[in-house]
Amino acid sequence: MTTLLAILIDGAIYASWLFLVAAGMTIIYGVMRVLNMAHGSFYAIGAYSAASLVSWYFSGEHGGPYWSLLILPACAIVAGAIIGLAIEQGLLRFLRGSDEILMVIVTYALLLILEDATKLIWGVNPYFAYQPYKLLGQTAFGAHLRFANYDLMLIGVAIVIGLLAWAALNRTNKGRLLRAVIHDREIAIAMGVNVNAMFAATFAIGAILGALAGALTAPAISVSPGIGVEVIVLAFAVIVVGGLGSIGGAAAGAVLVGLSRSFAVHIAPEIELFVIYGVMFLVLAIRPQGLFGQTLARRI
Amino acid sequence: MSAIILETRSLTRTFGAVVAARELNVRIAQGEIVGVIGSNGAGKTTFINMVTGYLPPSSGDILFDGNSVLGRKPRDITRMGMARSFQVAQLFPKLTVMENAMVSLVAAEGTQPSFLRPLDTPQRRERANAIFEEFGVSRYRDAFVSTVPQGTRKLVDIAMALVSRPRMLLLDEPTSGVSSEEKFALMDTVMSVVRQYGVTVLFVEHDMEIVARYVTRIIAFYSGEIIADGPPRSVLGDARVQEFVIGRDLNVDSAVGESA
Amino acid sequence: MSLRKFFASPTEPALLLAAAVFAAGAWVMPAWLAFLLTLALAKALVVLGVVIQMRAGLVSFGQALFYCIGGYGVGLASQYLGVGDAFALLALGTVAATLMALACGWLLTRYREIFYAMLTLALSMILYGVLVKSSALGSTDGFNVSPPSFLGWVPEGDARKRTLYLLTVFAAGAVALGFHRFMVSSLGRVTEAVRENEIRVEYLGLSPQRMLFANYVLAACVSGLGGGLTALASGHIDPDMAIWTTSGEFVFIAILGGTGHVVAPFIGAIVFSVLRTFAIQEAPNTWQMTLGITLLALILFLPKGLWSLVDRSKPEVSA
Amino acid sequence: MQSKLCNSHHTFRLSAIAATLSLMAAVSTGANAADNGKYRIGVVTFLSGAAAGPFGVPAANSAKLLVEALNNGKVPAPYGKKGINGLEIEMVLLDENGGATKQTEEFRNLVQRQKVDAVIGYISSGDCLAIAPAAEELGVPTIFFDCGTSKVFEVVKNPKYLFRTGLDSVVDNIAAAHYVAEARPNVKTIASIQQNYAWGQEAWADFALAFSRIKPESKVVSEQWPKLGQGQYGAEISALSVSNPDLIHSSFWGGDMEALMLQGGARGLFDKKTVVLTAGETGMEHFKGQVANGTILGGRGPFGAFSPKNALNDWFRPAFIAQFKESPTYPAYKMAQAILGLKAAAEKGAKAGAMPTADQVVQGLAGLSYEAPSGTVNMARTKGHQAVQSVSFGEYQFDAKSGKATLTKVKTYAGECVMPPDGTAPADWIKAGFPGAKCN
C-alpha cells in the first residue's frame, strides 16, 4: 500500500521534473524544427547560476530565507534569456531552414563548447544551494514515507508552466501567429509575421525553461560538471515518446516515463537503468510519431 | 472491342466528410487513350492514386488485367505493368538526368540491384541514350535534374515511367507547369512514344485543347463522381460538363477536328 | 588482361597505393603514431557505416551499437570461447554485428529523419544498460582482450603492434576498395535515389525499405569490423563503446570527412585523432571546446567536409 | 558520378594530406620529446566530467603543489633533495575523461611521443585495467594512485613496471563492515544504494558478504541501483524509507553522494538510521550539517580528515590549504604519496644526480617502505607492487556554532586486518572468515 502510494508520488515528482526539463526542448523543436542538444547546457547553466547566487544570498545578511525561492526563477530567466538570444541571433539565425539532422549536429557542437565554457566560468568544484530545499519542510505519508515539500511544489510548478505554455499558444494572438509560423513558414512571412523575432523569442523561452529546470533542481543536488549531459537523452526520450514539438505530448511522455521509472525502482530496481529507453523504443515501435505527434502529410 | 485492361468497380474514397470518389465504375480497353477532366478537387488525382496503390480505397475494387490490385503496394502494381507520372515531376534532384534514367533502368530489370556491379554500364548508357533521343532530352543528359527546365523534368518523369515498358500508363497532368509554347511539343513527343510502344494511356488534364487533341475518349469528373464518359465530341458537348468542368463554351468541332 | 580492365575505376589503384604507403610506414613511423593510426583506421570503418547511411538520407546516432557488438564479439570469443586467431575473432565480431542488424533492421528502416536517429540511439543505449548491469562482464570496467595470434604466429611487443597495424591497414584497404565499388554500384546509387525521392523509387517498382535494409546491414557489418579491430588494438573493451556520445563522435567524424567519397571517412578519422590528441595535450581543460568549435567551423565554412577540399568539382551529398 | 569525378589524382592528394598530418604530428613530438635533462612525469586524472571536482582536480592540485615544492626543495625530510634525484621535475597533465580506449591511446602518446619517464594517475578502474598491460609492454614505471578495482593484478599477474600506492575498494568495505559491527552492534537490517556501475556493484558485493560473515543474523531489506550521475534520488529514497532499515550502506562518491545526502536529509531518511559512506570523506567540507551527526564516513585509507600527525603532513596540509583555499581530501593525499613514492624509489635506485632509469625506479619502488603525509606506506603485496596501508572510519560530527565538521570515534584497521593475502580472491577470503587476518 505504502509502496503504491510511493510509486505514484515519486512518479508524479519525477514526471514533473522531466516535464520541466523537456518542455523547452519540445517548444524549440515545435517552432524551429531544431532538436536542441545544447538544452542540457542550458539546464547546467541555470543550475550553476542559481546555486552560486543562492549560496551568496545565504552567505551574508541579504534578507529573509524565503526570498531565495524567488532567486531561483530569476536566475533562470536572466541566464536563459541571455544565452538563448546570444545563440539564436549569433549562430542559429544563419542556419535557418537547414536540415533537421544538421541542426542536431550543430547543437551537439554547441553542447561541447558550453560544457567547457561552464567549467571555465564555475570551475569543477560542486556548488550547493540546499537552503531552499530544506526551507519548506516535509510531509509524512504513513509511518516511514516522507516527502520534501519542495519536491511536491515542483509538481505544481510543472502544471502551471504547462498550462501557461498551452494558453500562450492557444489563447493569445502571438500564440496564434506562432502556430501559423509552425504550420507554414512561407505563408506566415507573406502574412507579414516577423519570423525572425518569433524564432528569437521562441529560442529564448526554450532556453529559459531549460535554465529554469536546472535552477529548480539545483537546491536538491550538488551542482557539478556533467549534470547537463545527463539530462539530454532523458529529455529526448520524453519528447520523442510524447511526440516531437507538442507540449501536451511532453507532458504525457513525462508522466509515462516518470511512472514507469518509479515503478521499476520500487518493484524491479534491476531494470531501472534501461526502462526509459525501453519505453521510448516500445512507443516508437508501435506509434512512430509519438503519443501526440501528427503524421506527415501526403507528398503527392 | 479489345480486352479490358483496367476496371474499377464502385470505387469509393472518403476523407472524413469529404467524398473524393463515389461509386466510380470505369472500364478501359487495351490501346485506348483516355483523358480524365474535371475541376480542381473533382477527384482526378485521388482516382490515380487509388488505382496505383498509393491510396487505399474506402470501398470498391480495382482490377488490372482482370486481377484485383486491392491492397497491393505501388511497386507491385508497377511490376504488373501499370506505370504513372506525376503532377509535379518526381525525380532525384541531386542526381544527373543520366543517373535518374539508369536508376529506373535498374529497377526495370526486375532483379534486386547489385551491391558490387556498377550502376553505370555501357549497356545501360546505350539504352538511356536511346530513350533520351526518343524524348529529345539528350542535351541535358549530364545535367543535375535540379538544374533542368520544367518541361524537361516532365519529359524525364514520363520517360522514367516508360522505361519498364508498362502496358498501361497513367499521366497526372503532364502539361501542368509547362509553358503553353512547350506543351504541344511535349505531348507530341509523349504520344508518339506511347503509340509506338502501344501503351494504353489514361491522363488527367486541365487543358481542354490538349485533351481534345490527343484522346480517343474522355471521362469527366465532378465532385468525386463521373458525370460524363464517352467520345470527346459528345462529352465536351455535354451541358453539365460545359457548366461544371470547362466553364466556358469551347468550340468542340475545331478542338476535336485537329486530333482526328 | 590489362590493369585498366582489372580496375573498375582509377581510384582503385590509388587506394591500393595509399594502403601500400601506410603499410610501408609501419617501419618508419614512431610507435605511438602507428597506434594512433590503427585506432583511427578502425574508427574510420565505423564511420564508413555512418556515411553510407547518410548517403541514403539516414543519420544514425546509434552506430556505436555495432562498434560495441563487434568489440564484445571479439572480446567474448577470446575470453570464453578460447578463440585466439585474429582473423577468426574479427570474423566472429563482424558476424555478430551483422546478425544484430538483420534482427532489428526491419524495424529501424521503417523510420526516417529524427525518429531514425532517436531509435538507433535508444537501441545502443539499451545495449549499454545491459552491459553495465552484467557484472560478470566487468560492468563499466569491461575487460581486457588478450593479444591474438595470427594464423598460429604469436608476435611479441613491437612486432605485435606492427602486425595489428598492418592487419588494420589491410582491412581498411580491402573495405575501402569494396565500398568504393558499393558506392557506385546499382544498390549504392539506388540508396541515394531513396534519399532523393522515396515515392519515385517505389513507383519504379523497388522497395525503398528493402534498399535501406541492405544498406543498414552493410553499415553494421563494417562497423562491427571496426569495433573488432579496436578491441584487438586497444586490448580492452567496455560499455562506453555503446554510449550515445561515442555515436556522436562517429557522426562528428562523418561530417568532418564528408560523405562524398569512400576515403572521406578515413581522412576524417585521421584528422580527428590527430586533432584530438593535440587538443588534449595542449588544452587539457578545454579540448571539448576545441572540438566543438572545429565542428561548427566545418559546418559553417566547409559543409561538405574535408573531402570537398580534395574534390571541389561537384555539389555533394549532404546529411 | 563518383566514378566519373574522383579520379586517382584526388586520392593522391589525399594520401598527401594524410602524410602531412603524420608529419606534423611527428614534428611536434620533436618539440615535446626534447631531452631537456628534466625528469618528466605524466599525470593523468579527471579534469572534466563528474569525477573532476571530487577527485581529479584535488589530485591534480596536489601534484602541482608537490612538483613545485620538490623542485624548490621545500618538502621536509626525507624529501629535502631538489626535484627527483636532483633533477628538475616536469609534469605533463592530461585529462582522464573520454573512456578506456582513448586512454590507452593517450598513454602511448605520453610515453612514446612525450617521452615521459614515469606515469602517475588513473582514478577509473576501467582505465586502470586497460592501461595495466600497456604499462608493462612499454616498460615505463606506472603508478596507479587511486583506482579501486581488485582486478588490476589479476590482469597483470607478475608486474614489473606497474604499481599501486593506494588500496582497493575491497579493503574499504571489509573495514566498513568491521566498523559497523563494532560501532552499531545491534544493526539487524541493512539497505544499500549504489551507483549502478562496476564500482558500486563490487562495493556492495564485498560489504554484503563481509557483513553477513561478521553478523550472520543481519539481513538485506532493499537494494537500490540508480544510474551513475543521476542526481535525482526521490524514488530510491522512498524505497529505502519504506524498507526502513537500521543501516544504509552506500559507496556513492562526489556530487551523487552529496545530492543523495541532501535529498535524504530533507526527507528524514537518516533519522534513527545509520548511513555508512565508504567514500564520504570528500564531502566533509560540503555537508555543512546537511548530514546527520553519527553518519559513518570512510576515506579509502588514512587520508584527508583521517590523516595522522607527522612532519610531512604538518607541511602538506597547510601548504595545500594556503594554495587552494580548501583542505586536501583523500585524492590529494593519494596523489602526494604516489609522487613521493616515485621520488623515494628513484633516489634509492639511481646514483646521485644521474637520470634514474626505468629499471632503477621499479627496483627501488618494489617492496619499498616510505613516509608520506598519510604515514608509512609499505609496498608489501603482489611482490612489492601493491601498497599496504591502514583504513580508517569515523563518525561525522558538525558543530553548528563553529561551523566546523570533525570526525569522532575514529577507528583504524591495519592492512594486515582487512587485506586478503596474495593469491586469494577477496570473495573466497571473506567467505572463509578472513583467515590470517591480524586485527588489533
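Which chain is which? They are A, B, C and D, in the order written, and residues in each are numbered from 1.
Here, a contact is a pair of C-beta atoms (placed from the backbone, for glycine too) under 8 Å apart; a residue touches a chain by one contact, two chains touch by 3 or more.
For clarity, every value in this text was computed on a predicted model and none was experimentally measured.
Central chain assignment: C. Criterion: smallest distance from chain C-alpha mean to the mean of all protein C-alpha atoms.
Of all chains, B has its CA centroid at the greatest distance from the CA centroid of chain A.
Taking B-C and A-D together, the pair of chains sharing more C-beta contacts is A-D. Centre to centre, using the average C-alpha position, chain B and chain C are separated by 44 Å.
Per-chain CA centroids place chain A at a distance of 35 Å from chain D. Inter-chain centre distance (chain A to chain C, centres taken as mean C-alpha positions): 34 Å.
Centres computed as Cα averages put chain A at a distance of 50 Å from chain B. With touch defined as above, residues shared between interfaces to two or more other chains in chain C number as follows: 8, 132-133, 184, 199, 285, 287-288. Multi-chain contact residues of chain D (touching two or more other chains): 1, 3, 47-48, 196. Multi-chain contact residues, meaning those touching two or more other chains, occur in chain B at positions 90, 95, 99, 118, 120. On the side of chain A, the complex with chain D involves touching residues 2-3, 6-7, 9-11, 13-14, 17, 115-116, 119, 123-126, 128, 130, 133-134, 138, 143-148, 150-151, 217, 219-227, 230, 261-262, 265-266, 269-270, 272-273. By the touch criterion stated above, chain A contacts chain C in their complex at residues 35, 91, 94-95, 99-102, 104-106, 108-113, 115-117, 119-120, 229, 233, 236-237, 240, 244, 270, 273-274, 277-278, 280-281, 284-285, 288-289, 299-300. Contacts from chain D toward chain A in the complex involve residues 47-50, 52-54, 56-57, 196, 223-227, 229-232, 234-236, 238-239, 241-242, 244, 254-256, 258-259, 262-263, 265-269, 286, 288, 290, 326. Looking at the complex, you find that chain C touches chain A at residues 59, 61, 107, 110-111, 113-115, 117-119, 121-123, 125-126, 128-130, 132-133, 199, 244-245, 248, 251-252, 255, 285-289, 291-293, 295-296, 299-300, 318-319.
Here chain D touches chain C in the complex through residues 1-3, 5-15, 17-19, 21-22, 24-26, 28-29, 32, 47-48, 92-95, 99-102, 104-106, 108-109, 111-114, 125-126, 129-130, 132-134, 137, 149, 151, 155, 196-199, 201-202, 205, 228, going by the rule given at the top.
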